[in-house]
Amino acid sequence: MSNLPPMLSLRDFSVSFDTARGPLYAVRNVDIDVADGESLGIVGESGSGKTVLSRGAMGLLPKRVAHRSGTVVYDDHDLSQAPRKELREYWGTGMAMIFQDPMTALNPVRKIGSQLTEGLRIRLQMSKTDAAARGIELLNRVRIPDPAAVMEKYPFQLSGGMRQRVMIAIALACRPRLLFADEPTTALDVTVQAQVMQLLSELRHEMGMSMVIVTHDLGVVAGHTDRIAVMYAGEVVEIAPTKQLFANMQMPYTEALMKSIPRLDTPSGQRLPVISGRLPDPTQPETGCSFASRCPYVTDKCRAEAPPLVEVSPGHSYRCWFPIGGSR
Amino acid sequence: MAGSGKAHLRNSEEIILRVEDLTMEFPAGGKKFVRAVSGISFDIERGETLAIVGESGCGKSTLGKAILQLPKPTSGSVNFQGQELTTLNKDALRDIRPAMQMIFQDPVSSLDPRLSVAKIVDEPLKIWDRGDEMWRSNKVDELLNAVGLDPALVRDRRSYEFSGGQCQRISIARSLALEPLLLICDEPVSALDVSVQAQILNLLQDMKERYGLTLIFISHDLAVVKAVSTRIMVMYLGKVCEISAPDELYSRPRHHYTHALVSSVPIPDPNVAARRTTLEGEPPSPMDPPSGCRFRTRCPGATDLCAQEEPQLHEVSAGHYVACHWPRP
Amino acid sequence: MKLGNVKSLRKYSIPTLLSMGWLAIIGLIAVLYPLISSSDPKATYENDIAVGPFTNGHLFGTDTNGYDIFQELLHGTRLTLLVAVVAVGVGGAIGSLIGIFSGYVRGKIDAVVNVVFSAILSIPNLVLALGLVAVLATAPDVNSTVSSWRQVFVVVLSLTIVIIPILGRIARGATLSWSNREFVTAAKSMGAKNSTILWKHIVPNVLPAVMAIAFLAVGVVIVAEGSLSLLGVGIPDGNSWGAVLAAGRNDMEYTPHVMYFPIICIALTVISCNQIGDVIRQSLDKREARI
């Protein structure tokens, strides 16, 4: 990685929500840097805080119930305390987000065309015809058939995958410098998925866009990221360059995650391996390691004391007292 | 008939659902129509899991909803347990509904944001007046537990407080509440990480064993599909391309589209370079599909015959049907 | 939006709190008027004709008839708010009913409703209200005068009709949007009846949107009522803020304060309603965007 200041830098970043049962700690003490042009993957169990982390970094959380702490530095601007008005300056052209649930993120009563060209017209001051032409081009690039007709449709008239690609087109419309892609390909079949990931990679190289890909598809992260952060119960439990992580994982949760990937070469009809148990209650933070209740290697020390983030090799850190490959 | 043939339909006592020549059109402005599902036929035996895979926008969700008559299909027949659904009146159809349930594709928008999780899962039970308050409440807890959510923690929260995957699990819990005979799962695990995904797939497997549940499993994740299904149907642009048992389909895809699909599965290993897409060309518009074989504009093996004549499904080996003039070896 | 305990008030901004405060005050005045005011608003103070504010115990001064403006305004609060609340309440209820129904069934009925709403909305509110008052208030017998209660009724009815398409259209739009959501399809697939879906899923989701606009509509009605009074067809005899304003209009050169105070009351109320409407709408937007 270069010595340039990172595009995005999170330090001791935490998010909690006010709930009826007290504060819910969704993201806890995360330190992450995303370099210029880098692609960072975030993987982790459903509910582990991946979406909250990316929304929080962008400043897209409900102010009334969500509390952020720590610092967020985007391109040398400290956004931790910035008011909405200032953040809005960065949204779209600076940072953009592909939302996880396209149906709720799209306005159900506005045509695709008007939602897609809104940013172009407001942020880039394009004329109506230019914006429409660019909108069609964008839809074309995300492989939507018959883009001109789709511009005139409403979200409910599209298939799930088409809506997702419309979301992607909207996020890319203003050529952001940092893209948060929250599960960008969940509704896409493998051929379209490959094309969309290809498109994102191209844009990354063309315009030096940085990217944070949140996904549970380890096939996607394997092929399209430089580094991967594994999240568990709101914490980053392991972070490493992609190849390093696959070859030399340290944290038992990462191992368990990798083991439960269904693969094409396993015969059909077999039971899939699972990680038994479930995420700890996020309103009751653990004293020890957050994975302790499900870890096959757990000891008393794990329950008593939370393991710190330690670095094994440059850029590869993990949280665990008894890492895989270490002496147990 | 421009359909893809019916050679693959079986004649068995055990058939729970038989769909014939199902077509679904949506108005697309002016006099034009989008034919999202175009003359599809298939059947399912009790206890089977039929997976439906295909390109995004090829009509999988539309097919799933058309089976449930949401809305009624434009033409064709849907026969569920010997009853023709397309001609049933409103009340009779309503009586059948508990037996057929669906997990909808977009988990977040399939949950009412104003209702608590307990109310959401309870809704089908309440509609059908199952048990008393106490019984229903226990049932809701049982269902939430089954999908890996802690009832005590989630019951009183609303859907917008949950992550995408948690919403999906709530929606799965709801669909199992009525203990249906046929469950149509539209991308049931797409928003879930692999470990929870495995948990849900195992749960569906258990439900199958316990209640003799029959599943239609719509998904684009071929690895998942392989793990759960007993038969796979591949669709392209509103039509069936190929039907076969999973192992055979993956080891020897005969249709050119299936082949492209199987070979673009990303491999979870960074040392295997991300393979370039194997499917070239623009996806055609569903308003104006290509003549003959709909895949011909992107098929490496296309000939003149493919443009002129629509291929019909025919058996290439036992239980393996393909709609292609020039199937792959 | 529960206003239950004091702690929950803390999350509102100062303008919002001030707005709530103002609306609470005038609300109380309207309800408790007979208890808090013993003096007759129509008492003439012969010694203090057309005096300015803060003179001889006349807080807001008096007009050229010798009426105490403060007393008149206190008295007028009741009818002003009554007109606004009834017009918005009844108009909103009817409008929502039409809007929700037509948005849910769609098809031809909806197309007709939409055209009618749009046609009515294309007429400026005041022009429409004036027209309606003109038609409705025509006494059947040219010689009999329209009684003052009937006049109030006519104003309320006209403003109600003005409100129906405003809120009706909001309800219809929200219904169209919500009924496209997958949870409605899901409810259908479980076998829920249309009435259940409407009642359980559509109405609770649509109402907050209507509520937000209803607050704005209260402002619209108060202004419209004032304008009607100014034009001489509103509430008679200085019984509402608009009517006080209208009464002061002729002597604007001598007693401008007679116009200032009703204008201030109307303006504060309209601004407060807008503020609260905005807060409701923002909280809705947030929830909907899951932001």
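Per-chain numbering from 1; labels A, B and C assigned in written order.
In this text, a residue touches a chain if its C-beta (ideal position, glycine included) is under 8 Å from a C-beta of that chain, and two chains touch if they have at least 3 such contacts.
The structure displayed is predicted, hence computed values, not measured ones.
Novice: Which of line, ring, star, complete and other names the graph you get from chains that touch?
Specialist: complete
Novice: Count the C-beta pairs in contact for every pair of chains, then give the pair with the highest total.
Specialist: By contact count, the leading interface is A-B.
Novice: Taking each chain's centre as the mean of its C-alpha atoms, which one ends up farthest from the centre of chain B?
Specialist: Greatest centre separation from chain B goes to chain C.
Novice: I'd like the most central chain, judged by C-alpha centroids against the all-protein C-alpha centroid.
Specialist: The chain sitting closest to the overall C-alpha centre is A.
Novice: So the centre of each chain is just the mean of its C-alpha atoms; given that, what is the distance between chain B and chain C in Å?
Specialist: That gives a centre separation of 51 Å.
Novice: Hey, how far is the Cα centre of chain A from the one of chain B, in Å?
Specialist: Chain centroid spacing, chain A to chain B, equals 27 Å.
Novice: Averaging over Cα atoms per chain, report the distance between chain A and chain C in Å.
Specialist: 47
Novice: Scan chain C for residues touching two or more other chains and write them down.
Specialist: 181-182, 288, 290
Novice: If I count partner chains per residue in chain B, which residues reach a count of at least 2?
Specialist: 105-106, 108-109
Novice: Considering chain A alone, which of its residues make contact with at least two other chains?
Specialist: 101, 103-104, in rising order.
Novice: Touching residues of chain C toward chain B in the complex: what are they?
Specialist: Its residues touching chain B are 181-183, 185-193, 196, 200-201, 204-205, 287-288, 290.
Novice: Under the definition above, what is the set of chain B residues touching chain C in their complex?
Specialist: Residue list for chain B touching chain C: 65, 68, 70, 94-95, 97-98, 100-102, 104-106, 108-114, 123-124, 127-128, 160, 171, 174, 178.
Novice: Residue numbers of chain C touching chain A in their complex, please.
Specialist: Against chain A, chain C makes touches at 11, 173, 176-177, 180-182, 286, 288-291.
Novice: Spell out the residues on chain A that touch chain B in their complex, using ranges where they run on.
Specialist: 17, 19-21, 43-47, 50-52, 100-104, 143-146, 149, 152, 157-165, 183, 186-195, 197-198, 216-220, 222-224, 242-243, 246, 256-258, 260-264, 266-275, 278, 281, 283
Novice: Flag every residue of chain A that touches chain C in the complex, lowest number first.
Specialist: 55, 60-62, 64, 101, 103-105, 108-109, 154-156
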